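The letters A, B, C, D, E and F name the chains in turn, as written, and every chain counts its residues from 1.
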Amino acid sequence: MRENKLRTLWAQDKPAINGWLAIPSAFAAEVMAHQGWDTLTLDMQHGLIDQNALLSMLQAVQATSCGAVVRVPWLEPGAIMKVLDAGAQSIICPMVNTPDDAHKLASYVRYAPAGARSFGPVRAGLVHGADYAGAANDNIVAFAMIETRQALDNLDAICSVEGIDGVYIGPSDLSLSLGCRPVFDDVDPPVAQAIDHILARAKAHGLRAGVHNGRPDVARARIAKGFDFVTVSSDARILIAGSQQLLAEMRA
Amino acid sequence: MRENKLRTLWAQDKPAINGWLAIPSAFAAEVMAHQGWDTLTLDMQHGLIDQNALLSMLQAVQATSCGAVVRVPWLEPGAIMKVLDAGAQSIICPMVNTPDDAHKLASYVRYAPAGARSFGPVRAGLVHGADYAGAANDNIVAFAMIETRQALDNLDAICSVEGIDGVYIGPSDLSLSLGCRPVFDDVDPPVAQAIDHILARAKAHGLRAGVHNGRPDVARARIAKGFDFVTVSSDARILIAGSQQLLAEMRA
Amino acid sequence: MRENKLRTLWAQDKPAINGWLAIPSAFAAEVMAHQGWDTLTLDMQHGLIDQNALLSMLQAVQATSCGAVVRVPWLEPGAIMKVLDAGAQSIICPMVNTPDDAHKLASYVRYAPAGARSFGPVRAGLVHGADYAGAANDNIVAFAMIETRQALDNLDAICSVEGIDGVYIGPSDLSLSLGCRPVFDDVDPPVAQAIDHILARAKAHGLRAGVHNGRPDVARARIAKGFDFVTVSSDARILIAGSQQLLAEMRA
Amino acid sequence: MRENKLRTLWAQDKPAINGWLAIPSAFAAEVMAHQGWDTLTLDMQHGLIDQNALLSMLQAVQATSCGAVVRVPWLEPGAIMKVLDAGAQSIICPMVNTPDDAHKLASYVRYAPAGARSFGPVRAGLVHGADYAGAANDNIVAFAMIETRQALDNLDAICSVEGIDGVYIGPSDLSLSLGCRPVFDDVDPPVAQAIDHILARAKAHGLRAGVHNGRPDVARARIAKGFDFVTVSSDARILIAGSQQLLAEMRA
Amino acid sequence: MRENKLRTLWAQDKPAINGWLAIPSAFAAEVMAHQGWDTLTLDMQHGLIDQNALLSMLQAVQATSCGAVVRVPWLEPGAIMKVLDAGAQSIICPMVNTPDDAHKLASYVRYAPAGARSFGPVRAGLVHGADYAGAANDNIVAFAMIETRQALDNLDAICSVEGIDGVYIGPSDLSLSLGCRPVFDDVDPPVAQAIDHILARAKAHGLRAGVHNGRPDVARARIAKGFDFVTVSSDARILIAGSQQLLAEMRA
Amino acid sequence: MRENKLRTLWAQDKPAINGWLAIPSAFAAEVMAHQGWDTLTLDMQHGLIDQNALLSMLQAVQATSCGAVVRVPWLEPGAIMKVLDAGAQSIICPMVNTPDDAHKLASYVRYAPAGARSFGPVRAGLVHGADYAGAANDNIVAFAMIETRQALDNLDAICSVEGIDGVYIGPSDLSLSLGCRPVFDDVDPPVAQAIDHILARAKAHGLRAGVHNGRPDVARARIAKGFDFVTVSSDARILIAGSQQLLAEMRA
């Protein structure tokens, strides 16, 4: 079976530098996939990516050595299994707030007896290798997003669920839930403490830890703290920042 | 933040004259949006509009002064939040039958602490203004559809839920649920009484009231009764009626 | 081979009542195709219909008894042959201004020895019958648009070209070319005379005559004069007229 | 209302020979629909078919005498009702594991008082006939997939639910759930016994029985045992098998 | 009629700062359109934009104050007129190498008597105003690309053609044609001289002059020389440059 | 630059076994690309593939070791150059009937000074390597289709044109043009002679020769005669043949 880029990097004790895709275009994805990102996350939750765009974007990204991660829209079995059948090898699931949520997520992404994923890897089996049925359970990576006060309260119970491979922190939602400003990087002190706490507990449970960032200096600092998977920016944010910079130079 | 056309009209004590879109085409939506409808509702439940069509239709409608409303396919958090992130400012949710349904709906459309909407307004923040994060909660309008006997039984409890801005009546489903013929306009007496009752209770709770109609005379009569938001016809129905009229003239 | 609705009607000495499609949506086309139009013309020239939309719209219309006509974007062999391979049985070609243009059009729509159409009816052969290769040349109808002063000057020569089955008049372009206002119905006198002249010469050459109209009374009057194929309105125009009428009733 | 091909065949005591569609293309569907399959199932669960592809594929298949069945992605009311409104007349729902699941499925596919399907058959009413509202409940066929040990344990209770018309067996998932290899045809003995048991109990309850196969000899043997609906192969599997055979001949 | 942003800026003696779009996505276009570019050019020649993408991208860009320019794929009447009907107000046509090419271009973009554009502004008339028919000829801007040695040889004759509003220089193609390296900015001396010469002759003929650049410093220098319309970068190039910069910072 | 699979095979004195794609689906293309075809030809002429489908299909095929060939719709510079910019490395052009046609084709596919291809390989440069600009002229393969009596009459002149890499024979069109039945395999004697003649003259001019076949035995026989590139079947034909065979077994 095709390697899961995350597992490959982690086996080498390297963090994964992740780009984020919100634009529903396989060509935009292909442009991004040729730039050297370790992984790209196709965001079906807040991004504008639907099932049809997801398929063509996976085709484009998986033609390169860049790993494809998908953030699914919600903790729904139909949607999550379709994403895996379409060939995603890593999944980020938003709003995993309880151990029950975590159990559901774990069960949706793995075949029996480990879970309850329905069998029919129509594209995944085609492109990832003839051994997919037997190898998928060990290959797939599932991140549970920890982004609410409720999830913080249940953190150890969530991290204890068999089949959760990592946590992913959404600083904006976590901030809102803690009554702070919704930002990625320069978070308010309660959020900063919560992030450190989540990282520490995840590591204590043997899980990987990922986090959303808006700037490379913040992402590097978080890697230094122990994060294994850091998002740095997105296609839309790069278009905005690049346009702003060019126009500022033109109008200086 | 961009005005919500419904709130603007209501602040002027005017009802909103609403057209309905079932055809998944941004050009058809654009044609409709230039005709003077106060609002157009993109119907993802019974219409043929999926996420991809929704995005391009919102782009087309929001290029005009016409307000965009979206009827979501069901009371599902992932689908509803995606619609808001894509830029919808008003939402109609089908089959809100219990206070718990209403609480869920209210929580899906507003950020903490008012609700549990996940933060990431990728298109909404781009097109509605830099103050979106802070202004969205007050700007968005959420209608709960009252269209079953169960909802009637729970009417006051539903209307009491904080965060529900209005009710929207689907006369066809309400009719079926009450054992009557599924029509919009010339409803059977039990349905007519139920509609009046819903209107009265909504107003008593300080909520706005909307209703689906199939003819302008019925829509006007309902405005006269106090409705704030009336649907008159849809793109598909206009194509049918217009074709029938033209062909009748040709074959007279 | 599936009947060509135009040939069937004409064999019964009946004119064809034609609707026009500018919206690139197979569902809008399907709605129109169920209303009783004899034929619907999918407009790839001024309409927003590209090759992909054409395919799905042909699938939708040809599921009914309504005949499908396609106005091609221009007198180009590649585009015209693709339209026929996709299953169109009747073609309207804009701007046929010279006998050479007419010869080209005739050659593009028929197989050797009658013409130079390339063989490969991938969808047409699938859906129109196993005898397509042998039957298509007699089944297909090709209209040459007469819509410029130059075409008027060459009218008899164009009408004499073997393989042109009919002329189709675009009153707007003809008006502009004759220095008049670009309208469909209440044309200026020079245009009215030109329309009568084209009809007379087409009939004299044994060709069918079609014309674009904007109102049913005008279309009926033109049928009375001898036209075989009359367009009455389009999807976009019906949406506009229907919306205007409904909104006028609402705001009366 | 348009016949439901399954009901027509069953009324004639004939089993339905079913092809499977995983490729999201209306043209591929159209090619398949012209080959003589009794029915084709559009697979939205493991296939790559989303709502937009579904619509155009239904248009293509329903233009022929082939019946259209849809496997929905999951037991979700919004998704299932959209599929019916788009014109599907038969539904296969995965993972019906409990009587409660079966009750939900039954309620989603039929109008009150039989169920709780919301009224608005925008395309179904257009293409299946003016009597759709009254006739749909009797016309639609709903299959519950029996594919887990849990479903086996609840088999009689599931089969007793009013409104379930048939069961459909997914041998792969059933195999995994029983600790066996995930195959369609040459199943392990426990799976073979389970299949026979499901068939027997379904018949005892007066239900129809369908099953997924990978080879015609297996499908024929299962018809001989009493199955009413057998899937033989899919578009993707035919492309693979055909290519392999052609390339083997070329490289012999 | 809606202003043509280029004419508005030029009337104020301001050059237009232009961004370039190669990604076929209305959302990517919308992101770019909100950043402050005076105009964005949708590239149908070398970009991946087809007719369908063009329509939705025009809808997205024209919802903002940013002007939309379209580079058409080639000097073809059908394609160019479709672009104008879809609502483009400015056109860049590649490979205008002879006065005859220029005459054709001029005739394709304007209605009689100024040209031979066919009448049917289905979207343009809808969104640009009821006076479109009369106002379009004066509103539209047509650029002829000067990018070959042959065009240089014919420069004065091309610039003399009535109806050509400006020239646009493609430094890469011009370089190749002159036997130099295909670059935008640091062109070889013969290309630099040719660019200066084209600018001078265009100005002498009263035409506007545009040029493709890859860096803002080069674009500013060319504005200083007298260019009226400068492209600075494209969506794809911004994604590449932004990713490279972020990854360099991450891996420093 | 990425290898051109045709050149690699030919350098090893091997013929290319080619599959044909008419279905506009990137997933169908991906299924085919994993089966071991040396190359797959995406047919934009008679297939249902438009520019948008082409892009995603190229992405899918080029993710594998299978080579991608494109049959363009016609000898048009805009369309051909777009196909190359999208990443096609080999082109088949229909209806090359004269030396002038051949000169045009040769000029459209190569950069100056060898030809007049416009520079802007937006996707090709991204995915085929940083040396694309310098390497493309030697890498690309252009086939001229010889499929009419006129082309036969001009055969030596066509084959003498610098920049034509091979001929491709369409037996159906060639048959029609010679007054025979339009078939691929069991051609009438005049066509058989013409095919042998074209092969011989192509080889005499140092060109590669390709031919369309419908059965592997015919393709093998033609390889034995010296053909370098043989098409064996298409996606649509495999679906038809496979379905027919399965249904025959089911109904035996």
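The criterion applied here is as follows: contacts are C-beta pairs under 8 Å (C-beta built on N, C-alpha and C of every residue); 3 or more make two chains touch, one makes a residue touch a chain.
Note that this is a predicted model, so its numbers are computed, not measured.
Common neighbours of chain A and chain B (chains touching each): D, E. Separation of chain A from chain C in touch steps, taking the shortest path, is 2. Centre-to-centre separation between chain C and chain E, using Cα means, comes to 34 Å.
Mean C-alpha positions place chain A and chain E at a centre distance of 39 Å. Each chain gets a centre from the mean of its Cα atoms; for chain B and chain F, those two points are 53 Å apart.
Shared interface positions of chain D, i.e. residues touching 2 or more other chains, are given as 22, 24, 27, 31, 48, 50, 52, 55, 76, 79, 123, 126, 236. All chain pairs in contact, by the document's touch criterion: A-B, A-D, A-E, A-F, B-C, B-D, B-E, C-D, C-E, C-F, D-F, E-F. Within the complex, the chain B residues that touch chain A are 50-52, 55, 76-79, 81-82, 85-86, 111-113, 116, 118-123, 126, 133. Residues 22, 24, 43, 45-48, 50, 52-53, 73-74, 76, 79, 94-95, 147-148, 170, 172-173, 176-177, 179, 182, 236 of chain B are the ones touching chain D in the complex.
Of all residues in chain E, only 17, 19, 22-25, 27-28, 31-32, 35-37, 48, 216-217, 219-220, 232-233, 235-236, 238-244, 246-247, 249-251 touch chain A in the complex they form.
Listed in rising order, the residues of chain B touching chain E in the complex are 26-27, 30-31, 34, 55-56, 59-60, 62-63, 123, 126-127.
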